[in-house]
Amino acid sequence: MAKAINLSLRDALTHDENVLIFGEDVGALGGVFRITDGLQKEFGEERVFDTPLAESSIIGIAVGLALRGFRPVPEIQFDGFIYPAFEQIVSHVAKYRNRSGVSMPITIRVPFGGHIGAVEHHSESPEAYFAHTAGLKVVSPSTPADAYALLQAAIDDPDPVIFFEPKARYYLKEEIDTAARVPIGKARVAQEGSGVTVIAYGPTVSIALQAAKTAAAEEISLEVIDLRSLSPLDMDTVMASVRKTHRAVVVHEAPVFCGFGAEVAARISHDGFDLLEAPVARIGGLNVPYPPARYEKLYLPDVDRILQAADAALAYG
Amino acid sequence: MADVVRVVAADDPLRALFSPAGELTAEGRSRLGLDAAALRELYRNMVLIRRADQEALNLQRQGELGLWGQFLGQEAIHVGAMTALRTTDWVFPSYREFGMAMIRGVDPADMLTMFRGLSHGPWDPRKYHFAPLAIPVATQVPHAVGFALGCRLKHSDEVVLSTFGDGATSEGDWHEAMNFAGVFKAPVVFLCQNNGWAISVPLSKQTAGSIADRARGYGFPGIRIDGNDVLGVYAAVTAAADRARQGEGPYLIEAATYRMGAHTSSDDPTRYRTESELEAWNVKDPIARYRAWLEQQGIIDEGTVAAITDAAESAAQAMRARLTAMPTPPPGEAIFGRVYSNPPESFLREREEFESSLEDS
Amino acid sequence: MADQTFRLPDLGEGLTEAQLVAWRVEEGGRVDVNTPLCEVETAKAVVVIPSPWAGTIHKLHARPGESVAVGEPLVTITPAEATQAEATPGTLVGYGPGAPESGIRRKARSAPAAAESSGDVRAAPFVRQLAKDMGVDLAHVTGSGPGGRITRADVEAAASSPAAAASTPTDGERRISVVGIRKAIARQMLRSVSTIPQFTEFAVFDATNLMAAREEGKASGRSMTPLPYFIAAVVKAVRAYPLMNSSWDESRDEIIVKQPINVGIAVNTSQGLLVPVLRGADKLELTAIAEKSAQLVEGARAGTLPPNQMSGGTITVTNVGASGPVETGTPIINPPECCVVAFGAIKPRPMVVQGQVVARSGAWISISVDHRIVDGALATEFLTALVSELESISA
């Protein structure tokens, strides 16, 4: 996936001379995950550059650059470091067009999620804060192919997009077709099934697919939906699935309490009230700060917990 | 036109101790008030913490730690600053001040549990007067200022050390904290460990100006000194702390040094800096330099040097042994135990549910 | 001391593998703690790995240029005497996305906990909507789901009848609460006898040929109970008399003759009488009938059959008196069907063959039939045809 994102950035820089990439260590180093590897060398310091260590201003200058006609693609180095920039994102990036009619074609790239044995502040899932902010679009790919295409769509979009990259999947490999298009606002059925709908995004999609595989051996059929886009949210795909299965489970790494899953669950319960044969379940993190690495597997959703929820949904009656 | 506020020389007792290039003058050195034993102790501490730092890196390469950020090359600052302070003066570190914490008495094996995935904060800040390591850059600086303000409000003569790197001085939090410190005349010694690099971003890309000179804009003095001279650091921090204790307010010390290791064990510095730069700074190694001076002054002999090396080796092995033998604390306590002082019912229920979901519960 | 294997750790927060660049040691060589072992290249950097233990290199597990996954063996060392504290060999902290467990785990997935009963009528939204569509009053349905929840199957099986009124117990009486399947059966049977005018006819058939066919089947490894033979014979008879496979539509005074022959098989279970349905029995060969009917019977007893195997029947067969003295009975039609066929036990009985009383294998058959649809004459013909089918079974 890292290489797919790198390629997507390279193609964006090639096709539009107004695209700029900047942030901490993205230039000479090529990024702490090597996502921007080689880009400064190829496109020069005026297209790909390092900034001082200041997240708030990284986003703040993106606003200014956007006003001046550029298409900024700034990087926030880690999920846990987005908070100084929260003000700029929420107060300005999200609201500038509403205030002035001038669009903010900014794509903010952020590695997010856990499961890499990291120290504090490097495993956060802050997507709900941003999905909750009107004016922003929020997406998260789960595969290298979607990472390429969704980033293209994000950069092309005249509206600001927060692009959450599941860092635990950076080393996932697959063949990609750079001509394939993935629009923002469209989920995909990652695995067809008929018994229970499992809805996931970003890092939990592969876990859900593993659960579906295990379940299949027990003749339990899970349908896995990869949301891809949190805001806008593709409820059509979700509801088509629930219409078929009558049972749903939402899975994310972020804490369940007030997590993004709550929005999905509420929508399903409301729009599909008469379809449900079991309550909609949410699987996610505990309502605690992300724990020290030794405990993260107890905190994060895994195959067993997804299957447990599917079992409960099927046994409900 | 308003009067330009000038920082008066009398207000800046450090200036006289240092040459314009930031080197401790002979006069300054003579006024240190350190006897031979104390001078040897400085050396001993630098060797001890460096050996521990190396061992931590080895442990990371062996899979015993997930991550390690070396402070190699910055020992003079760690030791000089900590020796200058009272043990009751609080320290607000960033994430690289392992050596400082060791000198304060925090067990290094305990500290390493942060990098072994067992804890986010393994010592009680109130016991060691040492705040938790702060990973998001510069976020600790306002904390230091607040604490210092608290000391002033309580009419205590405590001083606070706020330490951070060159990268931190680009963050908004840093500037806000500096400004607050000036306005409230907080008794804080700001110690910038300018090691030249913020991961791969060199100082030249971090700022176009001078770090030390910024203090002036916030209403107090600043100085740039040689951070690889343990005696210079000691002198500067002592003087700045004394000044603060007398109610004169904050001081910014920019200690110039070099990050000899990588940013962390995940980093590859060969991608962005040169061997020759590394070599140029290696020649100015703080420990080698200080040892040479001690030997020249007849304060230390070969036997003592060897004994100190051996002691550091034993300490490192003891740290390794203690760390690798540590049990994993129970998950319920580790994950839920310290979130709230007064946990709500719902929180306790969630903890119970979680604990009963574990094997052998 | 036992050899220790050092596995490649995750050297950089989420790495999955590293390439071995060069060894710094050889097999047989001595190392101390921290002696450099090798250089590896990760996605992030080239890194020197120091030895975690002192001892002798027993085996190097990779060649220069090879890729090693995080968690895979790198080198095996025969430790020197136990001077170092031996705890965990290479605990793999910072273990990368696909690594082994670190000790404490959540319990494995277990069966969902049983729900508690409450006084509320419990039914999922979909089930409620279904009940509404089918005109079923949920207050009168007893749920067979967990905690008394009303399931889709319950609604489908439900008929409308008021619940029995509660009354106070008197001396000598014992009250047994009627819930679940018992209640459903009660409802169905009442509906049957109160809405269908049914009569019963009896016959005895000579099972000699059927038993011979069974023996031949057993000999060639296909052991079957009489049930599949009964079902196959019923199917054949129904083909000749399709009116037996029908339903009286009360609302329109019409007879609905059903096309597929879906044979309900009455099964005695610990929960009561259940009737799983062998759909499309007219399309199945004898062996398929045997297999499927056996599965249905087992499934019904285990309670694992889905709703679509418990409904949609067009004619029912039942066994009366599997053994013992009971020969036959008057079966009650399974509404809204037209006919139920009950088979007695096959056993030796006296028959008159060519003027002599002989002992032959035989069994009683009784059929109950809806008189609105079928008169006695037609019922007799059907029963005669059924007997004929059964007596002419060939292996």
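The chains carry the letters A, B and C, assigned in the order they are written, with residues numbered from 1 in each.
Just so it is clear, a contact is a pair of C-beta atoms (placed from the backbone, for glycine too) under 8 Å apart; a residue touches a chain by one contact, two chains touch by 3 or more.
Keep in mind it's a predicted model, so treat the numbers as computed, not measured.
Each chain gets a centre from its C-alpha atoms; the one nearest the centre of all protein C-alpha atoms is A. Put simply, the chain farthest from chain A by mean CA position is C. Spacing of chain B relative to chain C, judged by their CA centroids, is 67 angstrom. Per-chain CA centroids place chain A at a distance of 40 Å from chain C.
Taking each chain's centre as the mean of its C-alpha atoms, chain A lies 36 Å from chain B.
Those residues of chain A in touch with two or more other chains are numbered 32, 117-118, 122, 293-295, 298.
Contact of a single residue of chain C with at least two other chains is seen at positions 10, 13, 44, 93-95, 102, 104-106, 108.
Multi-chain contact residues, meaning those touching two or more other chains, occur in chain B at positions 66-67, 115-117, 266-267, 328, 331, 358. Here chain A touches chain B in the complex through residues 24-25, 27-30, 32, 50-57, 80-81, 83-84, 117-122, 286-289, 291-296, 298-299, going by the rule given at the top. Residues of chain B touching chain C in their complex: 55, 58, 60-67, 115-117, 262, 265-268, 270, 317, 320-321, 324-325, 328, 331, 357-359, 361.
Remark: chain A residues 2, 32, 34, 115-118, 122, 167-171, 246, 273-278, 293-295, 297-298, 302, 304-305, 307-308, 311-312, 315-317 touch chain C in the complex.
Taken together, the chain B residues at the contact with chain A in this complex read 66-67, 113-120, 135-138, 167-168, 170-173, 198-201, 205-207, 266-267, 271-272, 328, 331, 334-336, 339, 347, 350, 354, 358.
If you check the complex, the residues on chain C that touch chain A are 10, 13-17, 43-44, 93-97, 101-102, 104-106, 108-112, 122-129, 143, 145-147, 149-152.
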